[in-house]
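Got some structures for you, see below.
Two complexes, one shared chain (chain A), two partners (chain B, chain C).
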Partner chain A sequence: MSQLKRVQQWATFARVWHIYDAAWQNPFQSAELLKKYLMGMHKPIYHPMNDCGDHVIVINTADVALPGDEWKKRVYFHHTGYPGGASWTLAWELHKKNPTMVMKKAVYNSMDRSLQRRYTMERLHLYPDANVPLNLLENVSNQIKQLRPKPKRLDEYKEEEVREFPKLIDLPKSYIVE
Partner chain B sequence: MNTLLKCVQNFRFNVFKQTKHLSIYPALRVKEIQEKETNNELVISGKILESGREPYLLKNEHPEACPVCASGLQIKHTDVLILSQFMRSTGGMLPRRITGLCRRSQKYISSLVIMANKAGLMPHLKPANSHKDPKMRRGWKKYNKYFYESTIKIK
Partner chain C sequence: MSHSNIFLKSGFINVPLKNGIGRYVGQLQRVVLKFCKNNGSSAGMREFIETELVNFAKSNPGVVVYVKPRRHKTAVIKAEYLNGDSQWLNCRNFTKEEIQKWLELLKRQQINHDGQRIRKLWHTDHPSIQGPWTPFTFRDPQLNLATFPDERLSKSDVIASTSQDELVEMFKKQKLKELQSAN
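So, the complex of A and B:
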């Protein structure tokens, strides 16, 4: 076995740790991406009965972004099993209670229901901010690229950057500054 | 009776004509009013200022088109450096007589301005009495959101 093949074999069968920054990302589109790493679908040896999934650490889940007014339109349903035990929770209410729950449910629901799903979820580590325990962080060897760029606020630019940016229009001479 | 009415109308017209020169702002084309108080004397002077944009203006290759159409840019609501050129200091969109855009671009850009404001991308361009920090908003509005430009409906 050549040196390259040996490393390739080691990399294939090892559990690799990935990190993903969820700030300003859609949790449902991110879930489709993360589930491939969690289930090991990005590996050539993938098979549903082959336990070859990786670990994924997701940071900044409190800063996930939803399009438009989906925070108040998306509803999570729960039933206790008793009569009158149904409850409907809006996405923003769930996010207020637990800032990792929207992301967790998105990944859980993105996977097909099977006996492996609960064990796959154990390899997902969610954190509302960037404070990750060091014993987890030292395992990380890969960063998953974000799906959409994080938008930069206008007050985060320097003053001269804003002033010297190419201008499309000039204000008319009669314009009164406010 | 008619002559009487005409007299009254003329009188009213004359009164308005007299008061018209009192409106200093648009007629005198003043950009900034400066007030200076020295030795119990209040001096109010108008000064025409440079906008500061002259050296950075893009050259319009097609002068028959409006600046946005001529630039050929696909502007998104996250392009705050472009959108802030069309905005007041209080966060609203400037009217078309000042921006000089075509009807379609004006509507498109003003939709983008609304989107950027809702997403909290320009928190310091706000009225003085408002919450500048988007995290201080109530309910679902405090959480991060983004928008699709394809949802803007213009003819």
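So, the complex of A and C:
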């Protein structure tokens, strides 16, 4: 193999690092998106037996938004293997214990049950906030677009903007909390 | 290809001894047609033998044709090749046309590719000058200067207007109207 051909081979199969901001995003819809990057399905060279998956760093997993009343209703099952070792954890409880776990489970469950799944998951790096170790962050060369627009909270608006916003109703003074 | 094909023998489509360059040697050596004289599943085969087989044998003098009646057995074609390969084909309930089609394939193919995973389904005499795809082809050059994570790059493509936006628009229109009526 010539020098040029060898470099071409490295370039084609180079692993790209992507970053994804999970703030205000549905983890289950995001998982379907991230799965494609992790398995390399977004590449024209994709093949199930071709090891071409990319790395994905997910930040702000603590701020994921579950649809409807899923925080209260979604249950995660675990069994230790011993008799009476079954446990059921609600999504909000799990999120309190480990703010990356809901996202991790969503990606893991979105993939087909195969031997490759565990190795694909190794390429997923989850962080509850925006603090990513620098040695990982310096690899990143692409950002995955969010699936839905991130809403702006009231305290993120300037005081002037809030004041100038058209007023619909004049509430009586007794209604307004000081 | 799926994992179910992983244990198949793999290879490339090839031609023994550069067959067809300069001279062509038909690779099909012998074909054996087995059928039942009574059973309905051999009806197509019997029809083929009655009407087409003599023509086939005459037009292919290089192929030895055997016909074997086999009582209460499914119709079968067995083809033997010059390189020693043999291919067995179940012809249960085949029509005359289907048998003709398969015999044509067996006659023309160079090697038995049955039970073989073909490594590459494409071939080109003019390989790309640009070279194969890499993750860096067609990449937006703007990304070369970006620092990650970037709020703007992460922004979603969805541009649905919210009720809040509509409210602001309505307010602006109302203001304009008021201004116009004042003038």
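Everything that follows uses one rule, which is that the second predicted complex is superposed on the first by the 152 of 178 C-alpha atoms of A that agree within 3 Å, B and C clash if a C-alpha of one lies under 4 Å from a C-alpha of the other, contacts with A are read in each partner's own complex, and residues count from 1 in each chain.
Throughout what follows, a residue touches a chain if its C-beta (ideal position, glycine included) is under 8 Å from a C-beta of that chain, and two chains touch if they have at least 3 such contacts.
Quick caveat: nothing in here was measured; it's all calculated off a predicted structure.
Asker: Quick one: is A:R163 in contact with chain B, with chain C, with both, or with neither? Answer first, second, both or neither.
Answerer: first
Asker: Return first, second, both or neither, reflecting whether A:I59 touches chain B, chain C, both chains, or no partner chain.
Answerer: second
Asker: Which holds for A:R148: it touches chain B only (first), chain C only (second), both, or neither?
Answerer: In the superposed model, A:R148 contacts both chain B and chain C.
Asker: In the superposed model, which partner reaches more residues of chain A, chain B or chain C?
Answerer: After superposing on chain A, more of chain A is contacted by B.
Asker: Answer with first, second, both or neither: which of chain B and chain C does A:P83 touch in the superposed model?
Answerer: neither
Asker: Starting from the residues of chain A touching chain B, keep only those that also touch chain C in the other complex, and list them.
Answerer: The overlap between the chain B and chain C interfaces on chain A comprises residues 148-149, 165-166, 168.
Asker: Using the touch rule from the top, collect the residues of chain B that touch chain A in their complex.
Answerer: 25-26, 29-32, 48-49, 51-54, 56-58, 67-68, 71, 78, 80-82, 84-86, 88-90, 98-101, 119-125, 139-140, 143-148, 151
Asker: Of all residues in chain A, which touch chain C in the complex?
Answerer: 8, 11-12, 14, 16, 19-21, 43-45, 47-49, 59, 130, 132, 137, 140-150, 165-166, 168
Asker: Of all residues in chain A, which touch chain B in the complex?
Answerer: So the residues of chain A touching chain B come out as 23-24, 26, 63-72, 90-92, 95, 148-149, 151-155, 157, 161-178.
Asker: Per the contact definition, I'd like the list of chain C residues that touch chain A in the complex.
Answerer: 1-3, 6, 131-136, 143, 146, 148-150, 153-160, 167-168, 171
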